[in-house]
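My questions will all concern the structure given below.
Letters A, B, C, D and E name the chains as they come in the text, with residue numbers starting at 1 for each one.
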Amino acid sequence: QDNVTLQLKWVTQGQFAGYYVAQAKGFYDEEGLTVEIKPGGPDIAPEQVIAGGGADVITTWMAAGLAARERGVPLVNIAQPFKSSGLLLTCLKEAGVETTADFPGKTLGVWFFGNEYPFYAWMAKLGLSTEGGADGVEVLKQAFNVDPLIQKQAACISTMTYNEFGQVLKAGITPEELTVFNYRDEGVGMLEDGLYVMEDKLADPAFVEKMTKFVRASMKGWEYARANPEEAAQIVLDNDMTGAMTLEDQVYQVSEINKLTEGSTGALDEAAYRQTVDTLLSAVSPDNPAITKEPEGAFSHVVTDGL
Amino acid sequence: MPATVVSAADLSLTFATNDGPVHALSNVNLSIGKGEFVSFIGPSGCGKTTFLRTIADLEQPTSGTLLINGMTPRQAREKRAYGYVFQAPALYPWRTIEKNVALPLEIMGYSAAEQAERIKRTMDLVNLSGFEKKYPWQLSGGMQQRASIARALAFDADLLLMDEPFGALDEIVRDHLNSELLKLWARTQKTICFVTHSIPEAVYLSTKIVVMSPRPGRVTDVIESTLPAERPLDIRETPEFLAIAARVRDGLRAGHSYEEHA
Amino acid sequence: MALISAWLFAWLFVERLSRALAPATRDNAGLGLLIPIVFGVTILVVWEVVTRGANVPQVILPPPSMIWARITSSVPTLLADFQQTFLKAVLIGYALGCGLGFVVAILIDRSPFFKSGLLPLGNFVSALPIVGVAPIMVMWFGFDWQSKAAVVVIMTFFPMLVNTVAGLNAASSIERDLMRTYAASYWQTLLKLRLPAAAPFIFNALKINSTLALIGAIVAEFFGTPIVGMGFRISTEVGRMNVDMVWAEIAVAAVAGSLFYGVITLIERGVTFWHPSVRGA
Amino acid sequence: MNKAFPIIIVLIGLLIVWYAAAIGMNAQWQNDVYRRAGTTDVPMTQFVQDTWNQEKPVLPTMHQVMGELWNTTVLVAPNKPRSLLFHAWVTFSATALGFLMGSVLGIALAVLIVHSEAMNRSLMPWIVASQTIPILALAPLIVVIGFNIFTGTLGIPTDPARLMSKAIISAYLSFFPVAVGMVKGLRSPEAIQLDLMHTYNASPSQTFWKLRWPASVPYLFTSLKVGVAASLVGAIVGELPTGAVAGLGARLLAGSYYSQTVQIWSALFAASILAAILVISVGLVEKLVARQMGARPA
Amino acid sequence: MPATVVSAADLSLTFATNDGPVHALSNVNLSIGKGEFVSFIGPSGCGKTTFLRTIADLEQPTSGTLLINGMTPRQAREKRAYGYVFQAPALYPWRTIEKNVALPLEIMGYSAAEQAERIKRTMDLVNLSGFEKKYPWQLSGGMQQRASIARALAFDADLLLMDEPFGALDEIVRDHLNSELLKLWARTQKTICFVTHSIPEAVYLSTKIVVMSPRPGRVTDVIESTLPAERPLDIRETPEFLAIAARVRDGLRAGHSYEEHA
């Protein structure tokens, strides 16, 4: 049995259903792996964890992964189970937002902690200042929930298709009352939830072998989750130690997640990679220096080639 | 007959302690008239302090009645009927000596000028001029005790309760303060309750001497002084004086023999 | 291991130094400051050597020189954050929280009714978890510094309450008896006896709260804030792997907090000069 | 006066304010609901009732919170993640361990500081500085790296390791009030009491045990009360970085991700009840010790 | 000639205070031989306590030299050369009376049995049997003072420094303790430094009487007693006694007149 420690980017939820399913259904066991899944949280930077030796492989967003790479943590994308991105900017029509032209003067809620890169890239593309004022937008650091929208503290907030957006709807706000911007559609979409490891480890064939098994089992998990969203949601729920989640929420989440993993073989699509890098490089600013130069060797197909 | 200032009838006070009750006062009957100077004398632990504290409404009697100017001790206290000199100086460490003396004056709302005048007068009286700005811990034991006397004299209570005020003072200062106190008393017709361990002091100062004995604390003798009101220091060599002193000493000794066989 | 031996070394050195200086330093503030500074510098040097020598990734622990470079190059940002977090949230929240704790303590002291009615409730808020409170305060008071100040109020309230209640009982019985003999009113006794006697306890709370307030305000900013503030910067820059900036903010927080604490200690020395712990035994 | 009476009065007062505030704070949302549903002319009583029973209110009401507390304590087996008792226990164990470590450390530091001028000068400023470092910034470092060291280098199993990392944060927060209070307390003996020890040429340890320590007891207990509360805050904060583990902090956070206000409030109440129990326990011990030490009844 | 226990040469001590220096001791020259009983007497604030504290290494002289048994005060203290009775009782409030008396015995490592025996003996000596289990605040002022005397007598120091030990006691107990102290002294050949405000007490007890005067604190007179070693209580009426007492009183008065014009 080989041991693998996976550090998630966020708390246990449907977003990571594939891994939990692979574990619960014995897919890892079949590959001869014992996988420990470490849930993340609002202050866990998986990049830091892996740099400190606390994990073998992490899930993170590509922008954050590249940023870490430029700052001396040589992360390499080895697989990309999420084919498309789920990040939205969700606005109340009532607050006067119908198109991007309505942004100036509005207050927008943004997730930070490495999640802000797409937003800044977008604003750069729109040529809007983020310093507030009549011509710019007022940025709020949004907590990881939808309260600011419901209490009308912000005109727009960040949501994920698979989670917060559902919460907004569940709260009774109808889609007609909302203006939804999908980052992908705005041309600033970036790759989310990929699997990353430390570059030097890839020199070891045994490690590559181990990761190949891991990715294979994980992709099998994702496939299973797509086929059995309800069961997958229940598995996620069983792994939630806080007892705070409901099955209903997780079923919704898994079903939405399935749309994002749909069609991924696990291998990174280099076009999508290019698009992410180009977007990031187009928006370099002192406020938002995700990356300042073209990354080298930030991904590798060595693992997915062996699938 | 002068009005009664303190009248105790069958007054008893028992402290409950971890190892049984202590009978600090037992059936005390005593009446003190206006303008009297009463000394309390008795072996240590016989209840002198407790009696003064009861008058001052700092302890509650277990049984019996106690009236001060016809009022309950509490009412009397609220009327600020008395000034109290404690056995320990009880100065506040964050106040200078002069501020300590000013404390009751501030509380009773004297004007600043009046305060200054009174502080000066009483500090002079107890010979502490020059130490106004010192803090209590910078004074010797006797000086602290004098400061606490000054504090009690600074305002005009008709009843003075003094618990061994001169215990820590040498003979010369003591003589000086004794005669100052007598002068003050004669001038103002205050009523004074005075605890002392010195038989000559008790006899010299008092119109009435209360001898107490311990376990349980009782009054064993009340001696009305036959000395004249006018008392020069050398009255202490007269036979009359010595006779009273002898009677006090006998009373005291009796209390002690009791204690020694307890 | 390296850290422990470094600390031991620093300490031994300081021990020697303070021995040597002991008679001279009594009244010499300059020399008195020398010791912690020498200690600190030693630690910094060791830190620098260890991080560079052992090649610790900078996203985990950057060397002090790099932190310093970041501080000097980010003065305007640091200043804005400091103003938002310290000058607004911390100071205002601290004043309100300590004031509230104090007032409630007096209320409790004043009336037996409040004593049994409020003190249990006081215990109840003692550990209102900042994590739960901060989002609620954001909900109630908005994203700006007001909600952070509210969190600081809640965090500083309890230490002040407990210490003031204990302090108000610190006057000795003979000192109280004296006040009774003057038939002093409640407020007179409070003002002239019990508060001065309580001062050492109250200053304890003021000191503890000075650091607690800073922690509270910074942590509260993790739960929603405009994009300025020390807590915002820390949480954001951790996510961006700019750990040097995180430490720059921490350094600012440490300096500000220490100065805050130092100022209160100075005031304490002035006000409770009479207490044996200050008078020096 | 009956002891419970004032509490009840104060509580009733508080409840009135609470329910009134709930109407005000939940009104906006309620009106939106009516507007969306097209309902008009809602009678006042209906409106009030609705504001008191929203699923995700801005301010949940007492009966909602109590109901949730009841549902998650009595109606669930205490070993299930759904149970608040389970989370309270997890948090409590980290609190207790952290409090123990923090108090011991705080007292030890105070002893060093009081006994050595070098310690006073070199340690004190750094102790203060340590407290101004926002723990949450360090919490991930401690939880992540500490946890790795515990499980990796030291080979400790996951659960005790997680407990230890939380307890360390807890101790980090609680040692300071204890140290500050005890420095004051250990220096509180009167000069004459110290002089007495001096005349006996008592060793520092004798002076400590027979004088400084007993003299510091009033300071000790006030410090411990603040310390135990700080420990609880620390334990909860230590549960933050990893959002999905057990404990009241994780529960709070998880609740907040789904805007489960009622759930947040019930966890908040659970934490407060735990805090009150801890502080009151320290108070009881204080009373006992005071009696043991012959303190004069007030 | 007996060995010198205390020898002070040109000893001065100045306190710095918020409003200027206080000269508590100024050029004190004094030598005390082994087995002597020396009383210190002088107006309040003249430096008696300060001098005792300097001997005890509780204050550091500003100038001059002070040797105890040929050692520095510090070395002497470290050898536990003396027992000290402070002017205030300084009992620890969290200890019962008997535990307070036991304190020095615990520190000096006496066995439990030895402790019990000594506690019993000294508590009897000061007449406090029956109060062993009480806490200090449950005792009267005089009883507290006696407890502190018991504490200092419980262990065997060759030098006793006593600062107004009998100040709060009545004449009878005082006489009793005076003669007990004399007996103890005769039996053990201890050296005793004794501060008192009572001239008769000083004369009755001492082989040497040191008269001091304040501002600055100085020794104004050192009187070697010519009284025999054997001293019944009624020796206090002999002319020899009265002569010495008169000389002390003169010295005291001189000190005061100085103070009164300061």
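Basically, a residue touches a chain if its C-beta (ideal position, glycine included) is under 8 Å from a C-beta of that chain, and two chains touch if they have at least 3 such contacts.
Per UniProt, the chains are B, E = Sulfonate ABC transporter ATP-binding protein; C, D = ABC transporter permease.
The shown structure was predicted, so the numbers you read here are calculated from the model rather than taken from an experiment.
Taking the mean of each chain's C-alpha atoms, the chain closest to the overall C-alpha centroid is C. The distance from the centre of chain B to the centre of chain C, each centre being the mean of the chain's C-alpha atoms, comes to 50 Å. Annotation: 27 Å between the Cα-based centres of chain B and chain E.
One inter-chain figure worth recording: chain A and chain D are separated by 34 Å, centre to centre, where each centre is the mean of the chain's CA atoms. Inter-chain spacing, taken between the CA centroids of chain C and chain D, is 17 Å. Touching two or more other chains at once are residues 58, 136, 140, 145, 190-191, 240, 253, 256, 294, 296 of chain D. For chain C, residues touching at least two other chains, in rising order: 60, 135, 139, 173, 222, 235, 238, 275, 279.
Shared interface positions of chain E, i.e. residues touching 2 or more other chains, are given as 88, 135, 137. Of all possible chain pairs, those that touch are A-C, A-D, B-C, B-E, C-D, D-E.
Only residues 42-43, 45, 47-48, 51-52, 64, 67-68, 71-73, 112-116, 130, 138-143, 145, 147-148, 151, 153, 290 of chain A touch chain C when the two sit together in their complex. Residues 28-29, 32-33, 36, 56, 58, 72, 80-83, 86-87, 136, 139-140, 143-145, 147-148, 152, 158, 240-246, 250-251, 253-260, 263 of chain D are the ones that touch chain A when the two sit in their complex.
Those residues of chain D that touch chain C in the shared complex are 1, 3-7, 9-10, 14, 25, 58, 116-119, 121-122, 124-126, 128-129, 131-137, 140-141, 145, 173, 176-177, 180-181, 183-184, 187-191, 194, 218-219, 221-223, 225-226, 229-230, 232-233, 236-237, 239-240, 248-249, 252-253, 256, 264-265, 267-268, 271-276, 278-280, 296, 298.
Within the complex, the chain C residues that touch chain A are 57-60, 135, 138-139, 142-143, 221-227, 232, 235-236, 238-243. Put simply, chain E touches chain B in their complex at residues 15, 17-19, 22, 41-45, 48-50, 87-88, 127, 130, 133-135, 138-143, 145-146, 163-164, 167-174, 197-199, 249, 252-253, 256, 259-260, 262.
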